[in-house]
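Chain nomenclature is as follows: A, B, C, D, E and F, assigned in order of appearance, with residue numbering initiated at 1 for each chain independently.
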Amino acid sequence: MIYVTRKSHFNAAHRLHNPDKSDEWNRKTFGKCNNPNWHGHNYNLEVTVVGEADPETGYVIDLGVLNGIIEKKILDKCDHKNLNVEVPFLEGIIPTAENLVKAFFQELEDNINNESYGSSRLYSVKLFETERNVAEYCPNPRIS
Amino acid sequence: MIYVTRKSHFNAAHRLHNPDKSDEWNRKTFGKCNNPNWHGHNYNLEVTVVGEADPETGYVIDLGVLNGIIEKKILDKCDHKNLNVEVPFLEGIIPTAENLVKAFFQELEDNINNESYGSSRLYSVKLFETERNVAEYCPNPRIS
Amino acid sequence: MIYVTRKSHFNAAHRLHNPDKSDEWNRKTFGKCNNPNWHGHNYNLEVTVVGEADPETGYVIDLGVLNGIIEKKILDKCDHKNLNVEVPFLEGIIPTAENLVKAFFQELEDNINNESYGSSRLYSVKLFETERNVAEYCPNPRIS
Amino acid sequence: MIYVTRKSHFNAAHRLHNPDKSDEWNRKTFGKCNNPNWHGHNYNLEVTVVGEADPETGYVIDLGVLNGIIEKKILDKCDHKNLNVEVPFLEGIIPTAENLVKAFFQELEDNINNESYGSSRLYSVKLFETERNVAEYCPNPRIS
Amino acid sequence: MIYVTRKSHFNAAHRLHNPDKSDEWNRKTFGKCNNPNWHGHNYNLEVTVVGEADPETGYVIDLGVLNGIIEKKILDKCDHKNLNVEVPFLEGIIPTAENLVKAFFQELEDNINNESYGSSRLYSVKLFETERNVAEYCPNPRIS
Amino acid sequence: MIYVTRKSHFNAAHRLHNPDKSDEWNRKTFGKCNNPNWHGHNYNLEVTVVGEADPETGYVIDLGVLNGIIEKKILDKCDHKNLNVEVPFLEGIIPTAENLVKAFFQELEDNINNESYGSSRLYSVKLFETERNVAEYCPNPRIS
């Protein structure tokens, strides 16, 4: 099995805040990430597809096609946006890196699995919130 | 002459908007950077001091001291903040990378020149807004 | 189990083209990567070996030995070469990143497994065609 | 399952030497890494925790808490130190990258598993000795 | 004065060869870079504009405009191309990094100087042929 | 004028200590960098040569020749060494990044100026002690 990864990036504002909890709980739990005036990041996104290389093209998935799906489903909706208030598929989600990778995976999965060759499928979504803080979601077993 | 550079980073929200102009002018001029709901960046900052190495220490400036000045004057005020509304020394400034490097230079200059050895002085402030967009301010001539 | 990785790089020209298909199919499928005058890349290569640390040396594999194998089997044959016409072990293969990692793995496997300590063995070959496009081949199960 | 990674770094001196072997064996086996006057590295460390995101916080582990554990258990003991003679938990260990990741894992495991949410636990420790030489230790199976 | 830099990249094939010299001279002078079957690179390009920040926009130059000029004048002509045979403005030039930065500067200068604010102008063009080999052309004096 | 840069790296141990001063002064001035058991770094070195491109080769300097000089004069003497006790040309020098770049420049200057084309000459030596701490020495004026 071959794992193919495409890297992208977007810039966004966010704030960590659980509206079901008190302001004090939020300040204590999220610290400066709870700032009501927002802060933001240059997010780096890595999307990995696993499968066999198609014999006619040598591709697991056409990276131009993969890039197009990532742009339409993620970048166009998140780039230069406020992740708490402007992205419909993130509504009701605290935008930690953990919750973002899970939501991105669900947003991408059907489109990628339909567009890749043969039985290739989405394997993981990884997000660098900063150079030092990273989250990865990969719900299916690693085949090899 | 020796140029010594210290790199730092901070995360912040901002928006490009000139309040003296119409909303239409702002949207046309700044595009998605004008989003009223903000967006944000992982800013990487490089501060360069120029001078001779002090014969007793071999330092142009003690990088621990330089780091302390950068933290007190820039990072504590900008990290996880909204650059348009929460940073007193940026009041009235459109927070483009160009305007930020100039404001940071002015904020740092006296402190650094007082704390460096001999005639060493602040030479430049460089800011990476993204990996691809960079601004640098260096108002004094390069001696060598 | 411990995974040890050695990074290398080489520069090469290539072209994506399936000689069993029409020129039109190739242009449509591979786009500008099908350019008959070639294009090229700075390839970054990561070779990972898995095993236990040998008690006498603390090594899974001597990285100098691993580096020597990578140089002899891959770099000497591919660096500053045309991957379509000058590399015997790539003959008849469309040089996509997917096909390259599989061919590199097969080229390296026996040598590395013979030179590593105890039951250590080649685990994966990863190739960065650009900073944004990556392929990895790892045919054996991850033990831990 | 979600994998969360925190990156850190430290600078240290070390030397590869097996005291149970002759000087000749050590010189032949470890080459210039055996230099009795030491050499050193800027080590980059990646610690990965795996688990479900806590529904109240959206965190697998609070990265501030994780960072605090890494600082107390690893960085405070290793940064600007000699890994052969100054770090109690490395006593008797040849400080190859392989042996370091295993020792760091054991040093971190209990603290991290106690401080993470729910059933989250330490998954792997990865160490970049240089930009080109890397070791990773992950003794438990990858769940997904 | 403020220096603003935009980073771009492209992939291309090339070969170092002086047609006025013998094959033997070329092989001896350029070594493996003289390979008649070509090799290639992922080129990283940095274009720097110097000037004052415009008071209405806070920009030395609109980076979207700058990016558009770089795409039209350089990337569209060089990306996935053979620099020796397919780029009209490089005709008759040995495509060393030194010659490329000078040719790129001349290709960009008028467009950028016309599109930037006030007296801002193109300052330098820098090209990373590999991560380790870099050339920069800056024919006008550094003002500060 | 064109500036050509070659990047290299080496690993070394060092300690900041002024033998003319008391132990207390050294501890207070240099902090943990004064550790008598040493610490170390992965040093990244950038050597820049300035000049015109030679019309026959398109080179300011042959980077293979430049690399050979850097290896002979710096890397062979410093890599995997203790900078305080094993490098003759650093004897009596406190190995701060500032003092190292000046010593490296003097060590390289004659060789490079003799081997480059025409009037090309060594312009600067830059050293990354860590990713965040950098020193550069450039004693001659920037011509453009």
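A few remarks follow.
In the analysis below, a contact is a pair of C-beta atoms (placed from the backbone, for glycine too) under 8 Å apart; a residue touches a chain by one contact, two chains touch by 3 or more.
From a predicted model like this one, the values you see are computed outputs, not experimental measurements.
The set of chains in contact with chain B as well as chain D comprises A, F. Taking shared numbers over all numbers used, the chain B to chain E interface scores under half, which places it in the different class.
Measuring from the averaged C-alpha position of chain D to that of chain F gives a distance of 30 Å.
With each centre defined as the average position of its C-alpha atoms, the distance from chain A to chain C rounds to 28 Å.
Shared interface positions of chain A, defined as residues touching 2 or more other chains, are 131, 142. Shown are all chain pairs that touch, namely A-B, A-C, A-D, B-E, B-F, C-D, C-E, D-F, E-F. Only residues 1-8, 53, 56-60, 62-64, 142, 144 of chain E touch chain B when the two sit together in their complex. Those residues of chain E whose C-beta lies close enough to touch chain F in the complex are 16, 18, 20-21, 29-31, 93-99, 101-102, 131-142. Residues 9, 11-14, 32-33, 35, 37-42, 79-82, 85-86, 130-131 of chain F touch chain D in their complex.
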